[in-house]
Amino acid sequence: MADLQAILDGIHAELSSRLGEGKVADYIPELAKVDPNQFGMAIATVDGNIHSVGHADVPFSIQSISKVFMLTLALGKVGESLWNRVGREPSGTAFNSIVQLEREEGIPRNPFVNAGAIAVSDVVLSGHAPREAIGELLRFVRYVADDETITIDDKVARSETQTGFRNFALANFMRAYGNIDHPVEHVLGVYFHQCALSMSCQQLAKAGLYLAARGTNPITGHSVVSPKRARRINALMLTCGHYDGSGDFAYHVGLPGKSGVGGGILAVAPGIGSIAVWSPGLNKVGNSQLGAVALEMLAARTGWSVFGD
Amino acid sequence: MADLQAILDGIHAELSSRLGEGKVADYIPELAKVDPNQFGMAIATVDGNIHSVGHADVPFSIQSISKVFMLTLALGKVGESLWNRVGREPSGTAFNSIVQLEREEGIPRNPFVNAGAIAVSDVVLSGHAPREAIGELLRFVRYVADDETITIDDKVARSETQTGFRNFALANFMRAYGNIDHPVEHVLGVYFHQCALSMSCQQLAKAGLYLAARGTNPITGHSVVSPKRARRINALMLTCGHYDGSGDFAYHVGLPGKSGVGGGILAVAPGIGSIAVWSPGLNKVGNSQLGAVALEMLAARTGWSVFGD
Amino acid sequence: MADLQAILDGIHAELSSRLGEGKVADYIPELAKVDPNQFGMAIATVDGNIHSVGHADVPFSIQSISKVFMLTLALGKVGESLWNRVGREPSGTAFNSIVQLEREEGIPRNPFVNAGAIAVSDVVLSGHAPREAIGELLRFVRYVADDETITIDDKVARSETQTGFRNFALANFMRAYGNIDHPVEHVLGVYFHQCALSMSCQQLAKAGLYLAARGTNPITGHSVVSPKRARRINALMLTCGHYDGSGDFAYHVGLPGKSGVGGGILAVAPGIGSIAVWSPGLNKVGNSQLGAVALEMLAARTGWSVFGD
Amino acid sequence: MADLQAILDGIHAELSSRLGEGKVADYIPELAKVDPNQFGMAIATVDGNIHSVGHADVPFSIQSISKVFMLTLALGKVGESLWNRVGREPSGTAFNSIVQLEREEGIPRNPFVNAGAIAVSDVVLSGHAPREAIGELLRFVRYVADDETITIDDKVARSETQTGFRNFALANFMRAYGNIDHPVEHVLGVYFHQCALSMSCQQLAKAGLYLAARGTNPITGHSVVSPKRARRINALMLTCGHYDGSGDFAYHVGLPGKSGVGGGILAVAPGIGSIAVWSPGLNKVGNSQLGAVALEMLAARTGWSVFGD
C-alpha cells in the first residue's frame, strides 16, 4: 500500500492555499459561525491503521452523514421491507425538494434525501419514545466508532427544530400519504438530533470502517451488517450520497460517499478503508467543495476508485 | 479466478424456467417480433479469455448500449468540453422525459438518457455528413470489438425514424435552446442508426473490454481511452446507465452497466472483465428483466461487485 | 325578469332523478356521513328578493366557499399589497398541490387554492389571537348575510385539524420561504375554522349578494367593498374559483363562482343577483357535480352568463 | 352609451408619454424591427359603429389572436368532440411549455397555448392539403371582418418556420401520443401561416364582432356561430386568453380577450362590442403592456367589465 500519511500530507499542503473556498452553511447560527479555514482528513484502513492530517480531531456537525448510520439501523430493524416506504433511486432534484413526493405519492426517492431520511427516522422510532430512539442511534454510532465520547450537540438540534419548516412540510406531506406512522414532532425530534451528531474525522473514519470491511469493524471485531448489506449501503451512497451532485462525485472521485452540510464527507474504499474529510465551505449543490477535491486527489494517487485504477 | 464457464452454465440452467419473463419492446415491429425466450451471456476477461452460454452468438439490436460507444467517440472528439452541453447526473425521470429539459433549459441530465445521447450525436456529427458519422461509429465499434462483421440493421433504423416522434420532440426542443447545432433530421439520422447496431453478446463483451482494462483492449492491444477516462465512463454507467432503475441495478448488481430496450446489458467489472447479457423481456423501467437477474447472480458468485466482496 | 321561482322549481324537478350523483367527500367523518340525496338552491337578487327550492334552508359545511369571505377581509385589511404574497393566476394543478409552491418559491398561485387561502389566513391573523381572527370572520359573515344564527361547526374544525397533514405541509413550506408570519398552528387554526362555517343556501346567497351589487348589500344597505373590488373578486372567482375545473365551469356556466368540498357553490350574476346551490356529490376535480349542472341550467334559462345571452 | 370616441382619444392622449414601454418580440426579424412607439385602438359596436384612434389602420402581425378564429373554424368542423383532443383549463405555465404535455399525456390544456393551437390546426387540416387549410382560414377571417384585403405575411410565416423549433417539439411530442394525425410539417405549415395573419385594429375589431353579438356579425348579418358557442369562446378567452397572465387580465380589465406577441389584443364586451388594441411592447408574460393598460382604462370608463359596473 502507498504511503498514506505522505499522500495525506501532500493533499493538505496543496490545498492550504485554497482553504476558505465555498460557502459555509448559514441556515442556523451554529453552522454559520464555524471557521471556514479548517480542514481535516482521516483514513482508517481495514488492517487497523489510522492516518490523519489537519483538524482531523476537531468535532464538527456531521449532519446528513448520519443518514448512513440511521439507514443501517433501520435495515437492521425491518430489513428489506424498508424499501416499501423509501425508494433506491437518485432523485434528480435538490435534497429538500418536495415536488418528487407529490409525483410519487409520498414515497421518497432514497434514504439520503431529507424526506427519505425522515421516513427512516420514523422506522427507527417504532416501539420507542423519541428520546430512546435518539439514544439508540448515539449508542450505535459510539459502538461502530468504538468511541464513547461522541455526543449530540443539543444547540444544533434545537436550532434545526426552530428553523426546519421545510422538513416539517416534508414530514406532514408524507404523513398525508400514510408514509409516516408517528406524530410528526416525534419523528422530526429524532431526525434533528441525528443531524446534530458531532464527530471528528478520526471518529467518523473509524465509524464507517464496517462498510469497507464486509460489514465487520476489523479493529473491534464487531460485526455490524452482513457483507451483502455493506455492499448495498455502499451502492446507495455512490448513486445517492451527494444529492444532485452524486453523478459528479462518482465521476471525479469514484468512491461511495455521503456528504453533510457541515462540510464533512464520509467515503468508502471497499476492501481497503474508510475516509473522512472535513472542510466547511460548500459548493452550489451543498457538498463540501474542498472535501470533494481532497477525495479526488486521494483516489487519483491511491488508485482506490471503484471504477478502475 | 472462479470457474467462469461453470458459473455461466449454472446461471443459464437456473434461469431456464423463467425465460420469457418481462415484456418485449413493441414500439417498432422489428423489436416486437423477437423471440422472448432467447437468452445469451458472454464474459470477456482482461486476460483475453471469452466464456459464453446460450444464444451468445445471436446478434440483437443493442439500442441504447450504443450510447456508451458514442460517448467514447464524443469525448475523444471534444474532450471534457462535452460537459458544457450534457450533464453528468442521474435524471430521476424516464429515459424519454422532456420535463427536465424545460426545467434545465435544454441541457440534458446525462449522456445516457435519450436527450443526452441526441446531443452526443450532434457532437459526433461535427465536420461530417450524417452518413460519415454513422460510418465512423461503425468503424469504431468494429475496432473495439475487433470484429469486422458487425453491422447496422437498416430496417430497425428506418422504423425508429418513422415512429421516433418523441425523439424529434427532444431534438427540436434542445435546438430551440441552442444545444443542437446541426439540422434535426441529420442528428436523428445518426442517433437512430446507432440504436440499430446489431451485435451478439460475444461481440459486445469484447467491445466493452477496454472499459475493464484501463482503456486498452488487452486482446488487440488497441488503446482506446486513457485509464482515467475509462474510470469516468464506468462511473457514468453506474450512476446513469439504467435510466430510472440505475439505483436499483447498483444495489442489486453493483457493476457499471448500460442497458438497451432490445434486452441487452453491457456490464463492466473493472480490472477483471466485461460482461454482455441478452434477454428480450423488459421490466417496468425498460431494462432487461432476466439480464439484470443474471448479472446479480454473476456478481454474487464471483464477488465482482465494485462495492465489496 | 324571468319567473325565477318557476325556473328553480323546474331545475329541481329535472334533477330529482339524478340526486346522489358524484362522490361525497370522505376525508373526515363529518362530511362522509352527509346524505348525498340532498339538494338545495337559493337566489338573492339585487332588488331584495329571495327564491329558493329544496333543502335551501339546511346548513352545510361551506368549506372553501369561505375563501371568498376571507379574501374580502384580507383585502380590507391590507389592500392590494396582499398580492405581494399571493398570485392571481389559475394554478393548472389540484387544489392541494405543493409542486407549484416549490417552483414559485412559496408564493401560492391564487387565494382560492389551499396554499393561497392559508396565506390569506395569515394576513387576517395579523394583530389577533387565533380565536379573535375566527371571531372576526364569523362576525363578518353574519354581517354580510344579515343573519346572527350562522355558526362554525367545531366538530368539523377539529376533524380537519386532525387529518390536515397536507395543509400543515403547505403552511410549513410557505413558512420556510418566509411567506407565513405566524406560528403554523395558529394560522391553520384560523384556516380550519373558516372551512367549518356552516350555512344554508339561503344564508349563503344573501352573504354573497354584495358581490353582485357593486359591493353593497342592497337588503341591508351595508357597504362591504368598493364596486371595483367587487368586480375584482368576481374576476378571481371566475378564473380560479373551481380549482382545476375553473375553465370548465366558465365554459358551461359562465358565472363567477366558488365551490367547496361540502358540495356547495356560490355564484354571482353581476348586477342581478347571487346564487347558492348545494348537492354533496362531487365530480372528479372536487366540485359539486349537480350543483354545476343546476347552475348551467339556470344560466341557460335566464341568460345570466357574463359572456353573452 | 358613453362618447366612445372621446374615451378613445383620452386614453390615447394619456398613454402618449408611455409609448415604447415593454419589450418588442425579437425571436424573428420581422417582429423585432417593428416601431415600438406605435399605438392603435378600435371599437366595433353591435349597433354597427366603428371608433378608432392612433395607428388603428396599420396592419400588424396578429400572431396568437388568430387562435380565436382557428378555434371557431375547428368547432364548426368537429363540434364539441374537439374537447377530446384539447382541454379547457388555464395552463398555469408559459405559453410554450411542454411540461404539462408530458404530465397529461399529449392533451394540451387549452386551445390558446401553442400546443393546443397546433392540435386545433391539425383538426382544421382534416380533408385538406395545407395550402387549402390556410386558404380556408384566410377566407374565414375576410368573411368575419367583411374585408377582402386581409393577407398573410409570407415572410413572417417563413421566419416562424425557420426558428420554430419549440413548436416542432410540441407537435412531435403530441404526435408521439397520437394527438396529431397529419405530418408535423403540414400541421405546422398551417400553424405558422395563421400566426402570420396581418390585420389592423379596425379589421380585427370588426372580425371579432360576432363574439360580442350572439354569434352574428350585425354589420353584415352573417351568422358565424350560435349564441351558445359565442359565449363559450368568450369564456375560453377570459380564462385562457392571456397565457399565464389570464388571471391578471381578468382582474384588471374584466373582459374576454386574446393577446398575440405582435402586441395586439382582441377583447370582447358581450352585447356591446369588440375592441382591438395594438402596442408592440410586451410585458414579462408576453402580452402587450400598454394594450392591457388601455383596455383597463376603457373598461373603467365605460363600465363594460363583465364582472360588474
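By letter and in written order, the chains are A, B, C and D; residue numbering begins at 1 in each of them.
FYI, a contact is a pair of C-beta atoms (placed from the backbone, for glycine too) under 8 Å apart; a residue touches a chain by one contact, two chains touch by 3 or more.
This structure is a prediction, so every number in the text was calculated from the model and none was measured.
The greatest centre-to-centre gap from subunit B, using C-alpha centroids, is found for C. The distance from the centre of subunit A to the centre of subunit B, with each centre set as the mean of the Cα atoms, comes to 32 Å.
Chain centres here are Cα averages; for subunit B and subunit D they lie 47 Å apart.
Per-chain Cα centroids separate subunit A from subunit D by 55 Å. For subunit A, the set of residues that touch two or more other chains is empty. Contact between chains, using the touch rule, shows up for A-B, A-C, B-D, C-D.
Across the interface of their complex, subunit C is touched by residues 87-93, 100, 109-110, 211-212, 214, 227-228, 230-232, 234-236, 238-240, 244-248, 250-251, 254, 256, 270-271, 300, 305-309 of subunit D. Within the complex, the subunit C residues that touch subunit A are 97-99, 101-103, 165-166, 168-173, 175-176, 184.
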